[in-house]
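What follows is chain A paired twice: with chain B in the first complex and chain C in the second.
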Partner chain A sequence: MVFHLDKCIGCHTCSVACKNVWTDREGTDYMWWNNVETKPGTGFPTKWEDQESYKGGWKTDGEKLELRSTSKKKIIPNIFHNPSQPSLDDYYEPWTYNYDELFNAPEGDDQPVARPISMITGEPMEIEAGPNWDDDLGGSEVYAANDPNLDVLSDEQQQQMKAIERMVMFYLPRICNHCLNPSCVAACPSGAMYKRGEDGIVLINQDRCRAWRSCISACPYKKTYYNWSTGKSEKCILCFPRLEAGEAPACFHSCVGRIRYLGNVLYDADRIKEAALRPDDELVEAQRDTILDPHDPAVIAAAQASGIPDGVIESAQKSPVYRFAKEWKLGLPLHVEYRTFPMLFYVPPLLPVMSISDGDIVRSDVDELFAEVEKARAPIEYLGKLFSAGNVGKVRYALRKQLAVRIWRRHVTVGDVAEEMAKKALAEADCTPEQADEIYRLSALATWDDRFVIPPFQREMAMEMMTDPHEHRASAGFGSREEPRRS
Partner chain B sequence: MFGYAQCRHEGNSSVKKSSILELLLIPALLTGMPGSINAQDAPSEETISFFKLNCMSCHTIGGGRLTGPDLKGAIERADEAWLVDFILDPKGVIDGGDPYAVELLRESRGVYMTKVPGIDRARAEKLVKLIISESLKERSQFAGLEISDRPLTDADIGRGRELFMGATQYENGAPACLSCHTVSGIGGLGGGRLGPDLTNAYDRLEGRKAVSAWLGAPPSLVMQPVFKDHPLDGEEVLALVAYLKSVAESEVGVAPVSTLKFVLSGFAGSAFLLLLLDFLWRRRYRATRRPMVRNRHHAAMGSKS
Partner chain C sequence: MNDFIMFGVLPYVVATVFLIVTILRYRTKAFSYSSLSSQFLENQQHFWGSVPFHYGILVVLLGHTLGFLMPEMILSWNAAPLRLMLLEVTGIAFAVLTLVGLANIVLRRLTRPLMREVTTLGDWVVYLLLLVQVLTGIGVAVFHGWGSSWFATNLTPWLWSLVKLSPDVTYVAPLPFLVKLHITNAFLLVGFFPFTRLVHILVVPNPYLWRRTQVVIWNWDRSRLRDVD
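After this line comes the complex of A and B, so read on.
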């Protein structure tokens, strides 16, 4: 998966599409499998990036990889209460309004109002927070000011970010990252969580979930949620029923800005552990190293030997994810320092200085329009903290390449930039004119088929890879699966 | 020296004795005594053990009265039908105003005979027959526990206390008295509250013999099934008697732990436990958003003033 942040307009269509399809049931009302956050901001649930409180993800001393949330020693003393979980208030108390009173109020002197009603208690409530409470920097002196990622900035930079006319924000749509090294799966004591073999989707088996909620603590992105009505945890399923029918997931499909790309990659699972032990600033590269070149004959042969269908290899070759994340090095994982190796790559937002107010005149000269990335409004250290575990070089590379592509396209389409200068910019950004055109095409013109390369799902074959159906022949009959609910 | 266990041992061998019993019964038949029985009516082993379990803690046959009267010759004081009716429903007969029953109640200092669990007419008739046949014997097997009547020593009291508190285990694995009973002077939280306070049990039962009989085969609904398979031996009974006697004789007014104190110490204990847990888990996660908002407001107000 790739999200191109430069294209996100923060419309929340993805969130609404997901909510309507999946989390419109009792007990799931507070969940947002897909949500869009404003950065800087504290996100949903509040300050989910603060792993000092929430203890998500992995930690390492360079030799061993351990969950931050639990360990053999911590399990017994915390057996009755899995600690470090967001409270309902850190998400928000879901509510609706009693619209009936609005529409059916008797005639009177006052304007009828619809009061907010808690969807948990059914009683009237005071709204204190919501899933996008700090949307578009709302309440920023509390919320944006407490963004854990601001730590890396100097006081001066922080002040600049808050100053009127210098203020900067961008949107960060988030879904489950379907990580390569998922800490939620590792933490589940019931063995209810698994990463699907054929497409890497991380799922919770609703029959086996025993409501320990260890996944909720362990997931550093706080993308597993506890359904208080069924007593089971739930999470983004990447709309696998849609994928299996060749459709894009609802949030991908509905994305207005067409920022979302979906495709499969071939990776070397044996390299994951070693990669996860590397120091923070090498993690982006280490994760990229686990992703294999699907055009490499050796890789293809190895994939075929492992029983990966040709159709899946072919779609890996066409995958936009491979191009953004590995080939062009534009896609960066969110908070790779949690060492779960998220498989959702973000193209960092360019946020260039678009115009300069100079006294009464507003200028947007070419020189300034394509200013150095260091002059971009969002401090590069801040983006580095989000997308490359502090390794600013990775972000700078992605931003400069995007900038070079713009300069190149300006040369091609408008022509007010000299070819020499445009080529120089490309060369400096480790890009060729051909690659620049490709990047431009996939970023700006991509069609449905370009953006979503869904491998042909061969569920039956995939099942046979894991288990021999004949083993269960004549041993299992029809039965009713248990409905997930409290007994 | 001869404990209850020995009595039981004799009971187990009663089948062998039945032939002797028959011989003894022949003169009874010849003399035409009431309650005549023949060989077919010889009391079964089952009836004998029933008697031991249910009757012996209050009655002897030829061993003198305990809580209830000595049953030797009971048939001379009341007829068979009356006895059966009385066994079936003692309280009913007494409350019905039967003069002899009322007199028995008075003699027993107001202690009603309990209705034996599982009693029915057939069983009651068998019991009466057993009483009659045993009354004829020189020395009935139900003459009472042969608990030594040597003087009780301080060592007995000490051992009794240990047994009561559970510091020493009973030979046959019976549970310690403390688990259900309390007495004064055991300090702390006292003993269990399921059974009655035994501080004055020695006085209530009026002495050594009755207490011994009770302990030999506890007849109460709760104790009987527990002690049926784990009887106390004679020495243990003696030690407990000594201890209960010493408790009863100790200064009056040392009340067992009061209920109020017990409840209050429970509250104090839970409060301590909660504080301890709160301390141990002091670094647990509490909340994020509310403190964040609150702190911000505090900071803002602080800077304005």
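After this line comes the complex of A and C, so read on.
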């Protein structure tokens, strides 16, 4: 998966599409399998990035990899009460309004009002927080100022970011990353969580989940949620029933900014462990190294030998994810230092959009243009903290390349940039005119078929193996043969 | 006669219900096997309820099990009065710990509106039975002391007679009322067990400790897939 952050308009269509399809049931009311945060901000649940308190993800001393929350050793003393589990207060109490008041109130001097009603107790309540309380820097003194990622900036840089005329923000849509090295799966004591071999989707078997809640603490992205009503954990299932029918997931399909790309990649599972042991600043590259070139005959042969169908190999060759994340090196993983190797890659936002013409004068100096990447309002260290575990070189590379593509396209379409200068910009950004055109095409013009290259999942074949489709449904993270009632 | 029904028949009824219902429930309603944790809705008092309760009851149950499995060992340990005192005091301490936890659990459920939403009739039955069990247990320990010794001499032989399918209630008949109440209530608890959330005890996740870290499941039969084309 790739999310192109420069294109996200923060409309939350994706979140609502997901909510309407999957999480409008009792107990899931507070969940947002897809949510869109404003950065800088504290996000959802509040300060999820603060692993000092939530203890998500992995830690390593260079030799051993260990869960930060309840590893095998620590599950025994902590099973009765999980010390790092977030509670409702860290999310919000879901509510609705008693709309019927508006219609049924007796005639009187005052306008009737619809009061907020808790969706848990059904009683009137005071709203104290919501899933998106800091949208568009709302309440930024409380929220944006507490963004854990600001730690890497100097006081001066922080002040600059807050100054009203330089105020900067961007949107960060988040779903489960369907990680390569999922800490949620590793932490599940019941073995109810698993990664599907065919497509890497991470699921929770509803019949085997026993509400030990370990995954909730262990996922550093807080993308497994506890259903307080059924006593089972639930998470994004990447709309696998849609994928198996050749459709894009609901959030991808509905995305207004068309920022989302979906495709499969071939990777070497044997390299994951070693990669996860590398120091922070090598992690982006280490993860990239696990992804293999689907055009390489050796890779194709190896994939065939391990039973990957040709259709899946073919779609890996056409995958937009491979191009963004590996070939062009534009896609970067969010917080790779958690060492789960998220398979959702973000193209970092160019902030602000840099202008090539200063009034009437067209800039002629490439260095001067690139200097703006460093001077951008969102300090590069901040983006580095989010997207490359502090290795700002990776972010700088992605931003410079995006900028070079713009300069090149300006040359091609408007023509007020000299070819020589445009080519120099491309060369300095490790890009060729052909590649620049492809990046441009996939970023700006891509159609449904370009954005979503869904491998043929051979659903009939998969279902054939299942003795009972209903049982399959429950084991695949959604639904159950029984009424989800507590006993 | 009464004694025979209570201590010679009830145990078998309860054991049968327990076995049949837990197995049936696991096979037909696997979804309902959950600890139904409520930590998500309330995070602080949960600690002071769940943790002392579980640690307390685990140690107390361990004590009972030891008395059942190795009565001689307990008796020889108890031969020295100081060691007997030590064992009794430890037992009472953990029983009190259980009670503190249980009190917190019940209060938490009673006083918090969010908690009431997720508390069912089954939960209340369990809490009531547990309260009676822990209170009578502490009562027995205080008023009919040295239970660790007479458990080994009276109850262990009776329990073994149950196991051997020739119930001999003469061991239990002379025991005081409080002890009999404690025993009967324990069997009621076992009888209700399969209908309540207590079934989570049967699915404690021990395999976690030795399974591989990551779990990958293939739905496709890959060898077949390649052969097809």
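Methods note: the second predicted complex is superposed on the first by the 439 of 487 C-alpha atoms of A that agree within 3 Å, B and C clash if a C-alpha of one lies under 4 Å from a C-alpha of the other, contacts with A are read in each partner's own complex, and residues count from 1 in each chain.
The rule we apply is simple: a residue touches a chain if its C-beta (ideal position, glycine included) is under 8 Å from a C-beta of that chain, and two chains touch if they have at least 3 such contacts.
Please read these numbers as outputs of a predicted model, since none were measured by experiment.
Q: Using the superposition on chain A, decide if chain B and chain C clash or fit.
A: Aligned on chain A, chain B and chain C clash with each other.
Q: Based on the superposed arrangement, let me know which partner A:Glu198 touches: chain B (first), chain C (second), both, or neither?
A: Second partner only, chain C.
Q: Contacts for A:Ala129 in the overlay, against chain B (first) and chain C (second): which applies, first, second, both or neither?
A: After superposition on chain A, A:Ala129 lies in contact with chain B alone.
Q: Is chain A touched at more residues by chain B or by chain C?
A: On the superposition, C touches more of the residues of chain A.
Q: Report for A:Thr42: first if it touches chain B alone, second if chain C alone, otherwise both or neither.
A: first
Q: If you stack the two complexes on chain A, which partner ends up touching A:Pro433: first (chain B), second (chain C), both, or neither?
A: So A:Pro433 meets neither chain B nor chain C here.
Q: Name the contact category of A:Val142: first (chain B only), second (chain C only), both, or neither.
A: first
Q: Would you sort A:Asp50 into first (chain B), second (chain C), both or neither based on which partner it touches?
A: First partner only.
Q: Tell me which partner A:Gln85 touches in the superposition: chain B (first), chain C (second), both or neither.
A: After superposition on chain A, A:Gln85 lies in contact with both partners, chain B and chain C.
Q: Pick one for A:Gly10: touches chain B only (first), chain C only (second), both, or neither.
A: So A:Gly10 meets neither chain B nor chain C here.
Q: Jot down the residues of chain A that show up as touching in both complexes, chain B in one and chain C in the other.
A: Touching chain B and chain C on chain A: residues 85, 87, 89.
Q: Show me the residue ranges of chain A that touch chain B in the complex, using the header's touch definition.
A: Within the complex, chain A contacts chain B at residues 42, 45-47, 50, 53-55, 77, 83-87, 89-90, 128-129, 141-142, 145-146.
Q: Which residues of chain A touch chain C in the complex?
A: 72, 75, 79-82, 85, 87-89, 120-121, 123, 181-182, 185-186, 188-191, 193-198, 206-213, 226, 228-232, 304, 306-310, 458, 461-462, 465-466, 474, 480-482, 484-487
Q: Under the stated contact criterion, what part of chain B meets chain A in this complex?
A: Touching chain A from chain B are residues 280-281, 284-290, 292-293, 296, 300.
Q: How about chain C: which of its residues touch chain A in the complex?
A: My answer: residues 29-43, 46-47, 50-51, 53-55, 113-114, 116-118, 120, 122, 195-197, 200, 203-205, 207-209, 211, 213-223, 225-226, 229.
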